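Both complexes below contain subunit A, partnered by subunit B and then by subunit C.
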Partner chain A sequence: MRLRTLLTTSALALGFAASAVQAAPDRAELMKQHRGGTLKLNAHGSAGTIDPQINYEAEFWQLLYTTNDGLVTFKKVEGKDSNDVVPDLAEAIPSPQDGGKTYVFKLRPGVKFSTGKDVMPSDVVASLQRVFKVSSPTAGSFFNGIVGADDCLKTPATCTLKDGVIGDDKAGTVTVHLTEPDADFFYKMSAVHASILPADTPAKDLGTTPAAATGPYMIESYNPDRGMKIVRNPYFKQFSADAQPDGYVDGIEYNFGLDDQAGVTAVANGQADWTFDDVPTDRLNELGTKYPKQVHVHTLLAYYYVPMNVNLAPFNNVKARQAVAYAVDRKALVGLFGGPNLASPLCQQLPAGMAGHEDYCPFTQKPGAKWTAPDMAKAKQLIEESGTKGAKITLIGDDKAIPKSIATYMQSLLRELGYDVDLRVVSHNIQFTYIQNTNNKVQISVSDWYQDYPAPSDFLGVLFSCASFHEGSDSSINISGFCDKKIDDDMKKAAATAVTDRAAADKMWAQVDREVTDAAPAAALFQPKRVDFVASRVGNFTYSDQIHFLFSQAWVQ
Partner chain B sequence: MTLASPGAASQDAASQVAGSERPDTPGAGREPGARATSRGPWVTALRKLLQDRAAVASLAALVLIVLCTLAAPLYATRVSETDPFTSNLSGSVVVDGETVDVIQADTGGLGLGTTPIGPTWTGHYFMGADGQGRDVMARLLYGGQNSLVIAGGATVITLVAAAVVGIVAGFFGGIVDAVLSRLLDVLWAFPVYLLAISLSIVTIGRGLVLGPVTISSSSLLLPIVIIGIIYVPYVARPIRGQVLQLKRSEFVLAATGLGVPRHRILVTDILPNVATTLIVFAPLMMALNMITESALSFLSIGVQSPAASWGTIIEDGQGLLYTRPWVAIAPGIAIVLTVLALNVLGDGVRDALDPKAKLRVRKGR
Partner chain C sequence: MIRVVLARLGQMAFVMAGISILVFLIFFATPGTDPAARIAGRNAAPEVLAAVRHDFGFDQPLAVQYVLLMKRLFVTGDLTSFVNRGQKVVPSILQAVPVTMSLVVGAALVWVVASVAVGTLACVWRGTVVDKALMILGLIGISMPVFWVGEVANLITQSRYHDTWLFSWVPGLGYVPLTQDPVGWFKALVIPWVALAILFVGLYGRVLRASLVEAYGEDFIRTARAKGLGEGRILFRHALRTSMVTFVSMFGLDFGLLVGGGALLTEVVFGLQGVGYLTYNALQNLDLPVIMATVMYASFFVVASNAAVDLIYAALDPRVRLARA
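== the complex of A and B ==
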């Protein structure tokens, strides 16, 4: 980790300097040509609170990445580089000390909040305390490695992190102590939940009240039933084009209310510039043929999968689970999602493009690297061998179009395999937590997982480790209840190796991926792509793997 | 008569109540124990109904629809040769000698999206496929079976329950009437669709447990019972009102004065009069129930997959409106035709059983 970090930091510094020399005039010229106007966004509904340390919805994270900053962040560029972590409010990515357990961040001087107040180390300390005080959704998973986090998780109101986060306003530094080295520490610190807010920000959910911003824009008003108005932050001065580039448009209007169909129509008619919701499948062909220049397709580090409860019959039998994995017609499911240009079959747990991904597919007619076709004969043979034929199964789907159609297909498939299957469609708003809680005795469900950060641990560790399984909790993301001691040890070794040797760790994660796939606690289905449809006036559409459409980089005039 | 409001149905049918105790109304005004003649009021009503061309056409349409839906298994096995309850996403079909995929990947422009095969107007996929590659025509016929069974079953429950509650409350009065009327008030207090949706959501998860009887969430009995219950007040109220009137009628007072037992008065004097009202209500309630079933199924809380009803097929077609609108339009048309036929038939039945209507007809001539 140390060598890599040093190299990364040096390369970043060099790259940043070089790009600054070459790109600055171009960017300044573009800014002169295109600065101004209002970007009009649309979504079917709002996404709850706008508190950056509480909101956990992609819809608002996209926006909050342009209004708020952490010590580090994901590089705001197009392509693979968007997975890189770059210094944000910190001057540089710090070198690890104490064997990777201590990091000293030096803040950039002169950065101000939208209130006019300077960003100080004391604000950083207060912000990291606030993560626990407001019970941020990732407090227990992203920030639990900070010294003192355990106490903060137990009694959030009195959280101090006094030995874990130490600020020095005079020196302009913040020191973070971890209980043990964490290879994903900078990824986690790049999350919106690690945004730095003024120290006097109330330690409660801000709800519809905008937090002070440090980015080029700030939220002026927010009505969850109508919309949101975002204006320029008067105190913003671009401090890093990689971390937080200045925006072209003067303001952003986010309107809520139009459904996915109406949203697409509004964009086609030029009444909106972009819509958050997925493009309805029956409009895809129209967009691809009538508006090809306005359509942007990008692969997502995500996958759709079918978790099977390894602790409940019939899927407590590995052969029953493998039978499902063999039987799934992934090509057909790709068709349900929108065709081969919008998704790819996947039969392992790590999606393509993710570190540690090595093509692997044991559950197909010709086992090998890639999926070729379903093997119903093998699947039916496994069902016979498992002795589970005829078992009563309740499949839990969700009521959004794509997951529901997948669930309908899965019901049909399971019936074909000889099970007695009921399909229960649950509201999308509660399905995700419902299927996690063991009290609901969910045997099999349809779900999806989108990366929080670009590390294999975010899939394999989060979805299939023993630590992610909590009986009786709505927050038990290991939906299958899978806990294999040997595989769990392999995950821990891979995570420990990643601190010092990322490449070696990726190899280890690839092995873990194969082990988990073979055990089949879940049947991977396909890896989706994202379709963004923008109005004809929108220029410089920039897509980050982490944040997706970068609003600040688009222009409308 | 419109289906805009269940209350309107109640009022309209209730307006017929006044006439039902007249001697020229079927079953009304007869002396206790008297036998109907061969040209009795029921025969007269039937003759009047058969003279109503619109009602007869509606009845014929309904019979045709029922026969078509009964032929669903035959159609699926002999004509479309598909299983309408199994996804067929990777299947293909021969159309005009050419093999085509049931779900076709779009190739124009950026090559985004897939589209199910459209109507072939031949045996296989006559109306095309839905998003799961299933034959829409076959599902439409099976769906019609379920929609009609649910609407019919719910109507029977509504009418029987409403008759019992209305007659008992109206005839016995007092504390019995007070308790039953308040129960009806409680049910009536809920907006009908809100109540149906709430009951469906509560029971759809684990089914309905009524003592030793358990109705599974995938059983058609569940929507039948729910829909049957929610409309009880809308029929029971007018029935109760009619019974209160009948209680004060001369022939009932006379029977009471002569010492005829109460149960005999109920069976021979009250029930025949109430029967006409129930008959008038039957087609109208069935139409209402069909719309309610479609609404619940459209919301995924009625008929459960893989079974179909016209409501579930409309929902299946919702995501195909831009490419294969027929998937949603076909069941929509089926619902409209059936409900229209039931309403017209209901109006015809009401006119046939209503002596005022008879007068109107005569004056018109």
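== the complex of A and C ==
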């Protein structure tokens, strides 16, 4: 999303109206033809609580985006536009006031919860308080900029945000005050955690009890061991085709049980319509040849990388880290992930397609824009210069098939560079928090990062800023422990610029990307793609960069 | 008799308490198992992490945490999962029991009938080609791990030959409740039954053959022959009955183990959401409350089946009965 377009509210509203008019007759006709039926989904396991303000799993966000709404949301369309923020329960994207520290949202009149009650400003106030009361995962990272958030983080039970979020039921407005301008504010407000729930929703984790919905569907029942049943929300009337289009199917059944292999087989047999888990690489050939029309491949705003601990030997030496970045054969790693159709080599920290991404690759045979081949000679020379040759290293891998094969590759590579390497493979579920904690003294590991929202700060700021480094904590997402004063200042400047001039800020982020990449706190490996395999009866498969497969847009008859 | 039962119950409680402490300690002693950060979500702020730690009681001493966990599991029954928050553990196990029971009871029927047939036939034709063939087949059955058999069965019936007349009747993987659709229930389970039973057919068939052959060398068989009994009567009333002693004790233990969640691999491969599947998922996610509950459930069945085997022993073998009396 470009903020310039955001600031010109009237233009945006106009553009929105025009697209709605254009799309309306088309959609109505299609809706007549295809409405009905049940979409059958599968996943190996469930993904925890279905409390929209707490769940933080892609598996359920995809679903919760069709059941719940925030004030704003990502546009539910195919392609690049899916990264744009559009008004959802709010009538329009508000213009910034007070230098970007105040936003006044006006709610759409007549939108109802699935309980039959109107969505009111007081519900918005209560929902934003609830984010803190239930210790939402992003309470401290997305919503900490709201005035009063500090107190709410300290004592969640008494959270009021009285000076930060002010609702006026009569005027139908909600005013949000920020402590300082935040360019990513609308992205953060588009997250599922910012869903608006009725004010009387209990201030504790709802667990397996569905929250009231505002979207075309609502969860009827949820059993984490079996499945989930989703039905139409009887009170839903389409209020914005961009923000929350009506759904084609009458219901969705989500089964939990079949693993990735069995899931693909079930889809091939028409027993399921789609499976959440990644398609196993050994099935890709079969799918590509037998069912080419049912396969959809999309680039993900994500990357696999090797974080190196800049505070522990040998990777406290920048040359040792750069040597690893030079030596990595990204083509071989792409092969491990399933080949060039499923991933592309990446040298820098910002993946392609992300705002601020400018092709940059210093760690290759012919440094320039793109990666060509590993430069072992240069890598070995750097290791010699660093004086770290022969150092003892423990590499922490993860037991899932692909990360494990990457870790095995990295072990042999580090050995070739002259290190004495042990590989320790840790359960997938533990590894991510294990490698973050400085107490575990992890030198090097294999990890990945998937975007929360399409802003460069979500990669560079989250993964490499001083603020993301917490010693001795399992939640210290700056795994490398990288904290460079100059780069940190540059990030702050870019973030501040983004509030008024997104394009200029993107240029600055591109510079930060180059600086971080040069300092090599992590060696980027590749950018993955997502393969979706749907049953032959599924029509109108629509893929959003942010939400992925949009369930409400598919039809089965 | 009452004393025996009470002693048994006492032993059971002791064993289960020991296991629960062990599981609890393993969970907390393993580095990286602190669940707070996983519960709080990625990139959670320190304040959020602290709030979650407090809410779940991870800031309390280990002993207190253990007692609270046991209280919520056995007394109040409101223990909830760490991963699927809000999911009550006890009801979710109770709801998984029918799935496991359907699988294990069906498989047990298959393997008891088939292995008695295999063992008896091999003994009757001992030394012949039939005997050798059956024993080799049994050995092959024992050597094939159930997850492999299951995956191959799935490959054939769900993938490669699913569209042929032979396997087009096979429903998609997963469980169909008996009360909802008995035919569907049977169709969904018949392949898992056979897959799970193969190992046991091989094992039990071989064991039964060995004890039958041994029984034929015993004095009481010679006596029966001397009394002029027919071969059929000797085989079924005398030889087979005493040979069943080993068979039954093995069966009791295996059955207990399987009902307790030992059919984990079969359940996972065939997508049957039983107790084993629950255990598997809980182990994958390090979900302590569910691991604890399923381990307690499994140990209960193992201990209980041991006791049951002892009682059946006496009924089957007059010598055991006499020795006790």
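General remarks:
FYI, the second predicted complex is superposed on the first by the 548 of 557 C-alpha atoms of A that agree within 3 Å, B and C clash if a C-alpha of one lies under 4 Å from a C-alpha of the other, contacts with A are read in each partner's own complex, and residues count from 1 in each chain.
Rule of thumb we're sticking to: a residue touches a chain if its C-beta (ideal position, glycine included) is under 8 Å from a C-beta of that chain, and two chains touch if they have at least 3 such contacts.
These numbers come from a predicted model, not from an experiment.
By the document's definition of touching, of the two partners only subunit C reaches A:L258; subunit B does not.
In the superposed model, A:N144 makes contact with subunit C only, not with subunit B. Subunit A has more of its residues touched by C than by the other of subunit B and subunit C.
Judged by the touch definition given at the top, the superposed model places A:P52 against neither subunit B nor subunit C.
Of the two partner chains placed around the shared chain by superposition, subunit C is the only one that A:Q436 touches, whereas subunit B remains out of contact.
In the superposition on chain A, A:P245 makes contact with neither subunit B nor subunit C. Contacts of subunit A with subunit B, set against its contacts with subunit C after fitting on chain A, overlap at residues 261. Within the complex formed with subunit C, the subunit A residues making contact are 45-46, 48-49, 51, 54, 56, 135-141, 144, 153-154, 156, 205-209, 223-226, 255-259, 261-262, 265-266, 268-269, 271-272, 426-434, 436-437, 440, 462, 468, 470, 473-475, 477.
Of all residues in subunit B, those touching subunit A in their complex are 85-87, 89-90, 103, 105-106, 108-115, 131-132, 204-205, 216-218, 300, 304-306, 319-324. Interface of subunit A with subunit B (complex): residues 261, 280-290, 292, 295, 297, 329, 331-333, 335-336, 338-342, 399, 401, 404-405, 408-409, 411-413, 415-416, 422-425, 531. Residues 31-34, 36-38, 40-49, 51-52, 55, 80-81, 83-87, 92, 95-96, 151, 154, 158-159, 162, 171-174, 268, 271-273, 277-278, 281, 284-286 of subunit C are the ones that touch subunit A when the two sit in their complex.
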